[in-house]
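A, B and C label the chains in the order they appear, each numbered from 1.
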Amino acid sequence: MMERQESIAQKFDLYACYQCGKCTGGCPVTLRSKLNIRRLVLQGVLGKDLERLNERLELWDCTTCKTCTLRCPRDINPMNLIIGLRSTLVEQGHIPRTLIDALESVYKHGNPWGKPRNKRTDWIKELPDPLKVKDFSQGEQAEFLLFVGCTASFDPRIQEIAKALTYNLHRAGIDFGILGNEEQCCGNEIRSMGEIGLFEELMQTNIEKFETYGIKQILTSCPHGFNVLKNEYPQETFTVAHGTQLLARCLEEGKLSFEKEIKKVVTYHDPCFLGKQNGIFDEPRALLRAIPGLTLKELDRSRERSLCCEGGGGRMWVEASSDSGPRLAEIRVKDAIELGAEMLITACPLCVLTLEDAVKTSGHEEHIRVMDVMELVAIALGRPQPSSELNP
Amino acid sequence: MNIIVCVKRVPETAEADLVIDKTGRDVIKSGLVFDLNEWDSYAIEEAIRLKEKQGGHVTVISMGGEEANESLRKCLAMGADDAVRLTDPAFEGADGYATAKVLAESIGKLPFDLILTGTQAEDDGYGQVGGALAELLGIPHATVVNQIEAEGNKLKVHRELEGGLEEILEIDLPALLTIQTGINEPRYVSIMGIRKVAKKEIKVFGAADLTLVANETGLSGSDTRIEKISFPPTTGAAKMIEGNPEEVALNVLNILKNKGGLA
Amino acid sequence: MKEILVLAEHRQGQWRDITFEMLSKARQLAESFGSEVHAVVLGKGVANSTEALRPMAHRVLLVEDERLEAFNSETYQTVLAQLITERKPLLTLIGHSTLGMDLAPNLAVQLKMPLATDCIGVDGKDGSFVLTRQIYGGKINSTVLFNKPGPYLVTLRAGAFPVLQKDSLQGDIISLPSPLTDGNLAKRFLGYVEAALGDVDITQADILVSVGRGIKGPENLPLVKEFAEAIGGTLSCSRPVVDKKWLPKSCQVGTSGKTVKPKVYIAVGISGAFQHIAGMKGAETVIAINRDPKAPIFGVAHYGIVGDLFKIIPVLKEKAKELRQK
């Protein structure tokens, strides 16, 4: 027994911990979960109380927002400890059913949503002809690879954002293509869920695809995909940018001009994987500030202090372990309403889904609307809208 | 306890668009995703749990082509000890009876206390192989089992009947049980788990290893054959309600008023 | 004698619906080739109840024995094997029920009878039969033929065959001796267990709002529950929802759950696997909401909406609430 626990402390480099508690102090889910990351690190160091891990459902509450790691004054990565414990559970196999379904789906279908691979590009069929999207898997070539992502490919709400992004890229004169039905999960959530073997296979296959098609520049509008491509994939052969980075640059270079006014008061929610983890705060704001008529207000918990919406770390596929405490996304929605915002804007598909869900469950559908930066940009660029789109 | 689990690799068809092939007797399989039959995953999980509780040995067996290795390895990764594959062109086209004959002969050579199968397969849905196998082996059986308690040389089992009712039976070993979904929570098999068993031997047997002759296996050994397949007619098609959510809602509420009253 | 035997199914003192469905189908087949329908009843103390079968059978063959009180495939198999061996009926029909699944495959192997299970269609042809079965989860129909001569054994899917108006055959009840002896059975019936009762009995509801896998997660249930309440309905579900423990088993509609016959059945995010449909086909009006236009549920629905339930239900809920307030 002693051998094993020592190796946890060594493996995750926990010995430097002096139990200051800054990790737990910043952990967003402590409002509503038994998860206490400070105590977990201590248990890791002492080699105590780590039996019957599969009964500790709170291990799945972690959203991998990385606040603990960012705040740690001793450069420890407690988030990695959680992922490590999750991987032990994954190997044992006794994990929540919904996670099994999502993981098996990624293995079989290349996406966690149970959708067949050959339907991955169905969203493109709904685009009007001038917005034709190039497809590397069909032999076409382009300067950028747009890595669409599983959620944008299959979730009807997020498909709308993908379509808006496509419009924006065309208007900005960006030459891009997609991997089509050969695109498969980037693996960010898979890695956070602890299925390291599957993550490695996904990464391997994706890198081979990038090489096959000579891809040097990747852009994506999903911060989860952006995060894993930038920080976990080997960085020798390609660079990766988030959609807001690329378009903010285009704006600066005068390649985009906003014609249509959007007279709304909005606030921006910094997604954890874009903001605090990768330092991209200004580009989305630059785009929003450039939209005529738009008033951008800042939430108190903005930028590095942005409150996690609970969409990451596999949370889209597992229930919170406890019913107590408010949903963080609902807190965020209330904050936005109290701020006087008519719209809550963000730049991440999982944030859009969880925040929209929170608007519904907290009964605020009349008071606030959740949209992605890309959607506002498209409207401001004058994209033709169906009548029910935006009520000015 | 020596347990044998019979499994089948089947295509996932729920979300797929099926296309009837040139023979008109089956669908085009290429492009479909295959996996272990859902009922069988509960069966193998139950076998592993029984082994974890009582000790023993679990052998998993499948009649199919080389691709069946994928499902057999999944079972090995879950904790099965041995895997056997029954492969031969002579086995192809088998109905439930012909499948049971081949399984019976192969299993007949192995020591066992308990045989588990799934209640039915997702593709054919015969619900026949388990019972036929038990009869060929001359052992008692119970189907649609959703709970097992081992009691020495017998088992106490619950069968899931219709309408939420359950039946309790006592059955002597050796016996065969067909397992219903929901009996347990099948564990996840990770990629690393599959890698760990990648080198494990899967014993393969063909027609030459059995005493059954050609006309007792496969299509010629079957009592039934498929003449053709077709898409079911959309009977008395539903009246589709179109429009935006508001229009749809008003329409539905109207129907509710006329057809049942809004209480 | 080229009769058609039908194994009448009963449990806890009640005839199961499938009995009459099978008798109806047998009647139709028997007419087409001038043969007879003989109902077979095994049990203890069931003699009086056989009256209900007489209108639909030319004969009722009754075997009473203490050992047949509760269903046990071993005793049933012994009795039926003898009956079939002696009488050589052209066709024997058993329900594809938990009883039939436990019995038919074994009986077929013992007597070397060709067996086709879970049939939704049976037609006579040249002394044999053409069966229709569903495969691939109900997405495909297959036409199946027998490779050998009979006697044949076929199990019929519950709810697939209509019950004909009660006929007036008034067949005689013939008591046959039981071949069972006091031997040790390798399988012994111990008793029944009622599934734990939930709060509501969905079989009594007039309006059911039923959720399936399409609901995606238990966090979306409150939305549908509110809608159900707004229209005075009760929440029910399909099997996957219970397997995932989002709702208790008492809410489950389907072959392994409850059979319901409400005035209105609203299927929300349910694809319509046959096990589910079997439990709700009797609903007077079925409204189905599903994203997939090819979902089998539309085959039994009277009204269909192809759309996103997460867009439609909230609006339905609001409008229903408004109506309530008026």
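Just a few scattered comments:
Simple rule for what comes next: contacts are C-beta pairs under 8 Å (C-beta built on N, C-alpha and C of every residue); 3 or more make two chains touch, one makes a residue touch a chain.
Since this is a predicted model, take the numbers as computed values, not measurements.
Judged by contacting C-beta pairs, the busier of the interfaces A-C and B-C is B-C.
Chain centres here are means of the Cα atoms, and by that rule the chain farthest away from subunit C is A.
Remark: the per-chain Cα centre closest to the mean position of all protein Cα atoms belongs to B.
Centres computed as Cα averages put subunit A at a distance of 38 Å from subunit B.
A straight line joining the Cα centres of subunit A and subunit C is 47 Å long.
Subunit B and subunit C have Cα centroids lying 21 Å from one another. For subunit A, residues that reach two or more other chains under the stated contact definition are 97.
Within subunit C, residues 314 each touch two or more of the remaining chains. Here subunit A touches subunit C in the complex through residues 97-98, 156, 319, 357, 360-361, 365, going by the rule given at the top.
Within the complex formed with subunit A, the residues of subunit C that make contact are 217-219, 222-223, 244, 308, 314. Residues of subunit C touching subunit B in their complex: 11, 16, 71, 73-74, 96-98, 101-106, 108-110, 114-118, 130-131, 133-148, 186-195, 206-207, 231-233, 239, 242-243, 249-250, 252, 255-259, 262-264, 266, 271, 284-288, 296, 298-307, 311-312, 314-316, 318-320, 323-324. Residues 90-95, 97, 99-100, 103-104, 107-109, 114-116, 118, 195-198, 200-201, 388 of subunit A are the ones touching subunit B in the complex. On the side of subunit B, the complex with subunit A involves touching residues 12, 15-16, 31, 33, 35, 78, 185-195, 244.
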